[in-house]
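Think of it as A, B and C in the order they're written, each chain with its own count starting at 1.
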Amino acid sequence: MSCTTIQVADLRFTYPGAHDSVLDGLSVSIGEGERVALLGPNGSGKTTFVLHLNGLLSLQSGTIRIGDLDMTDANLPEIRRRVGAVFQDADDQLFMQSVRDDVSFGPANLGVPRGDLDGVVERALDQVGAMPLIDRTPHHLSGGEKRRVAIATVLAMEPHALVLDEPTSGLDPVGRRELAELLAGLPQTQLVVTHDLPFALQTCPRSMIVSGGKVVADGPTREVLADAELLAANRLELPYGFDVSAL
Amino acid sequence: MIAMHAPDGFLEAPVALATAVIALVFVALALRVSGRELGDRQVPLAGIAAAFIFAAQMFNFPVAAGTTGHLMGGALAAILLGPWVGSLVVTVVVVVQALLFADGGLTALGYNVLNMATVTAFGGWAVFRLMRRFMPRNAAGVMGATAIAALVSVVLSAAAFSVQWLFGASAEVPFDTVFGAMVGVHVLIGVGEAIISALAVGAVLAARPDLVTGASDLDATQLAGGRRVGRRTFVLGGLFVSLVFAAVVSQFAVDNPDGLEKVAIDEGFIDSGRDHALDSSIFSDYATSGVGNETLSLAVAGVSGVLITLLVGLGLISAARQGRDRIAAS
Amino acid sequence: MAGGLDGRGVGHLVIHGHSPVHRLAPETKVVSTFAFVICVALTPREQMWAFGVHAAVALSIVVLAGLPARVVLARLAVIIPFLTFAALVPFVAGGEEIEVLGIGLSRDGLWGAWNVAAKASIGATASIILSATTSVPEILRALTRLRVPKVLVSIMAFMMRYLDLLVDQLGRMRTSMTARCHDPRWLWQAKPIASSAGALFVRSYERGERVHQAMLSRGFTGTMPDLEEQATPGGDWARAALPPVVALAALLAAVML
C-alpha cells in the first residue's frame, strides 16, 4: 500500500439543516499514479466529496483512507499535504497580495524555513510554467493564469495526489489544452472532478459517474463516454458533433 | 453639509485627540471580545465584509430627482455581523479610506471612526434590539427593526459630530446651526440608509438567514410566518417620524427667537437676558457665540450626548450578553 | 463620498516609479505621513506663512516622487465637499464682519474657511503621496512592523485583496440592471439595488467561507505565517523624518511668534 492511494468506503453526508443527503454511500478506490475523472451532473455531490478529501467537512458516516492514514483530526495536517485540492474558483485560492505570497503560504504553514521558501516557490511556479507571474497581483491575472498559479500553490506543498474540481471552468479552448498538457506532465495521482467530458477523455484513462450521491459507473473513459444511454440517464451529454469512436 | 469623512483641521486638536483615545479604547475592546471568533474562521469573512461595505459606500443610491446619497453601513454591519465585529469592520474601512484614499484626514481618524463606526454600530445595534421587542418575530419584523436602527444610527452619528463641534469647532459657526443642519440633512440620508439596509437584510434573510446575527434567535419557520408589517405602514410611519423630527430640529436651528423659543420666552420659561449658560472654557467659543438660545442649546447638546452615550452603552451591554449566550450555547 | 475613484478599487492607487520616495521602507513612510499631518493640523491658522512651508514640503515630495500633477489634483477632488463647506462659512459664521467686494463676511469665518481649506488640502496630499508611492502589500507589512494588531492587519489584507473583485461585481450588477432599463432616480426605485446588495453580501460571505476552506487545505492552523522579515534600513528612518521635522520646525516657530 503506497502513499498515494485514495480509499473511500460508503461515504454518507447531509448538510446541516438540509433534508436530503448529498452523499449516499459513495465508494471510490484509486491506486497510485492513476488518473481518474469523476463525472456527474451539477448537484451530484462531487464538490462535497472533494471537500471530504481534505477533511474540510466533518466525517458523518463512512471511511476515508489516504495511503496509510485514516481521516482523523490528528492526521489532518499530513492528509492536507498529501492531497492537494484545487478548487473550482481560483479567486478563492489566491487570497494573498501577490503570487509569490500565495505560493509561499502552503509551504510556510508546513514549516519550511524562510530561507528555503523562495526555492520552493520558484520550483512550483516552474512546474506550471508561471514563473513570469511571480510578482503579480492575483486580481490582475487572466483565468488561465489564475488556474495555473492555483495549481502551483498546491504543488508547492509536494502533494502525492491532486484533486481538481472543475478545472476547465472559465477557460477558453487553448487554455483547456494547455491545462491538459500541464496535468499530463505532473507525476501525482490525479482525480479530476468535471462535467467537461472531452477534457476527461483527454486527461483520464479511467472515469466514474457519480449520481445521487453514489458511484453508478466505473470503467475506461472511452467506454463510459461511448455508452449514450448511461450518459443520458445521468444528465451527461457529449458536446455537439463530438464522436468518441472517431478518436 | 457633510461632516462624515471629515478632513484634517475640521475639529480642534484637543477634541481630535480625545476622540482618538476613545476610539482606540473601543477598537481594543472589540479586538479583545471578538478575538475568539476572529481568531479562526471569521478573519477572511470580516475582511470580505469590509470590502463589501467599502464597495457599497462607493456606489450612490438615488435620493430624489437624480441626486444621490450613499450608505454608511454601520448599523447594517452590526446587524449582520454583530456589533463588535461590525464596528471593527467599519473601522478598518474608515482607516483605509483615510490612509490610502485621502477620504478623511489622518488627524481626524478619532472622530471619524467614532462617528462612522462606533456610534453607528453600537447605537444602531441598541436601537435594533429595542425595536425587535415591538416588532413581529419574523423576517419583516427584523427588516423593520433594521430600518429604524439604520435611520437612528445615521442621525446619532450627525448628533455626535455636532456635540464634538460644540467642544472643538474650528470656525465660528454656532452649535445650534451645525446641529440643525447636520441632523436635518442626515434624517434624509438616514431614510435612504434605512430602506437600503432593511432591504439588504431582507435579501440576506431570504438566502442565508444564518448570516444575520441580529436574527439568530429566530429559526426558519419563525422567519417565514407571522404578521407581516405592511410596506405602506413603513413608508408612512417613516415619513411621519422624519417630518416631526425635521420640524422640531429646524425650529431649533433658526436663530431669531421664533416659534418654540418665542413661546418659551414669552411665557417666562427662558430668561432672554441670561447668557452665561454656555460660558465655560471647555466649550469652543466659536460654537457657543451667536447661539440663538443658550439654555436650549445646552439642553439639546446635553440630551444628545446622554442619548448617544446611553444607546452606545446599551449596545455594549447587549453585545456582551449576546456574546455570552453564544458561548454558552456552543 | 467614499473612494473618490469613480468605482475603482485599490489596484490602481500606486503610481509606479523608482524614486527615493518609492524606495523608502514603508513603515518609515507611514510614520512620517502621520507625523507630518499632525504638525500641519496643530499649526495656528493665522500663521499663513507656516502653511506655505508645509505646502512647499508636500509639493517637493510630489516632485521628488515623480507623481504627475494632474493625477494628484484628480485625487484631491475627494476634499471638494469640504472646500465647499469652507466657502460657505464666512457667510454663515458670526462675529465681527469685514467688507469684501461689497459683501459683509465674517472675519472669523474667513479664517475658519482658510483653516479647513489649508489643512484639508495639505493633509490629503500627504495621504495621496503615501498611497501613490507605497504598494498595498508594503502598507500591510508596514502596519505589521508598527505593531498594529495582527487581526486588524489580516482583516485589512483580505479587504484589500477582495475589494477590487467586489467593486467589479457591484458594478456589473448595476450595468445589468441599467441594461434592463432600470435607471433609478428616486429612492423607492432602489429596491432592486438594495436586494442585489444583499445578494452580493451573501455571495461575498460564501466566498469568505470558501477562502477559509482553501486556507485550511493549505495547512492554515489559525495564525498567518510570517512570509517576510527584513530589518528597516536605519538610513530610511532618517530620510523619512525630513518632512515632519521641517513641518515641526515651522509649527514651533509659528506657535512661538
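Miscellaneous remarks
What we mean here is this: a residue touches a chain if its C-beta (ideal position, glycine included) is under 8 Å from a C-beta of that chain, and two chains touch if they have at least 3 such contacts.
Small disclaimer: the values here were computed from a predicted structure and weren't measured.
Chain closest to the overall centre, judged by the mean of its C-alpha atoms against the mean of all protein C-alpha atoms: C.
With centres computed as the average of Cα coordinates, no chain lies farther from subunit C than A.
In terms of their C-alpha centroids, the spacing between subunit A and subunit B amounts to 47 Å. In whole angstrom, the spacing between the mean C-alpha positions of subunit A and subunit C is 42.
Chain geometry summary: the mean Cα position of subunit B and that of subunit C are 23 Å apart. Under the contact definition stated at the top, the residues of subunit C that touch 2 or more other chains are 157-158, 160-162, 165, 207, 211, 215. Looking at subunit A, residues 95 sit in touch with two or more other chains. Multi-chain contact residues of subunit B (touching two or more other chains): 44.
The part of subunit C that touches subunit B in the complex is made up of residues 1-5, 7, 9-10, 13, 30, 33-34, 37-38, 40-42, 45, 75-76, 78-79, 81-82, 85, 89, 92-95, 106, 108-109, 111-113, 115-116, 118-120, 122-128, 130-131, 139, 149, 151-152, 154-163, 165-167, 169-171, 174, 184-191, 193-202, 204-209, 211-212, 215, 222.
Those residues of subunit A lying in contact with subunit C across their complex are 51, 54, 56, 77, 80-81, 84-85, 87, 89, 91-93, 95-98, 101, 104-106, 108-110, 114, 117, 137-140, 153-154, 157.
Against subunit C, the residues of subunit B that register as touching in their complex are 1-2, 5-10, 13, 16, 27, 31, 35, 38-41, 43-52, 54-66, 70, 80, 88-89, 92-93, 95-103, 105-107, 170-174, 177, 191-192, 195-204, 206-208, 211, 235, 286, 289-290. On the side of subunit C, the complex with subunit A involves touching residues 11, 136-137, 140, 157-158, 160-162, 164-165, 207, 210-211, 213-221, 225-229.
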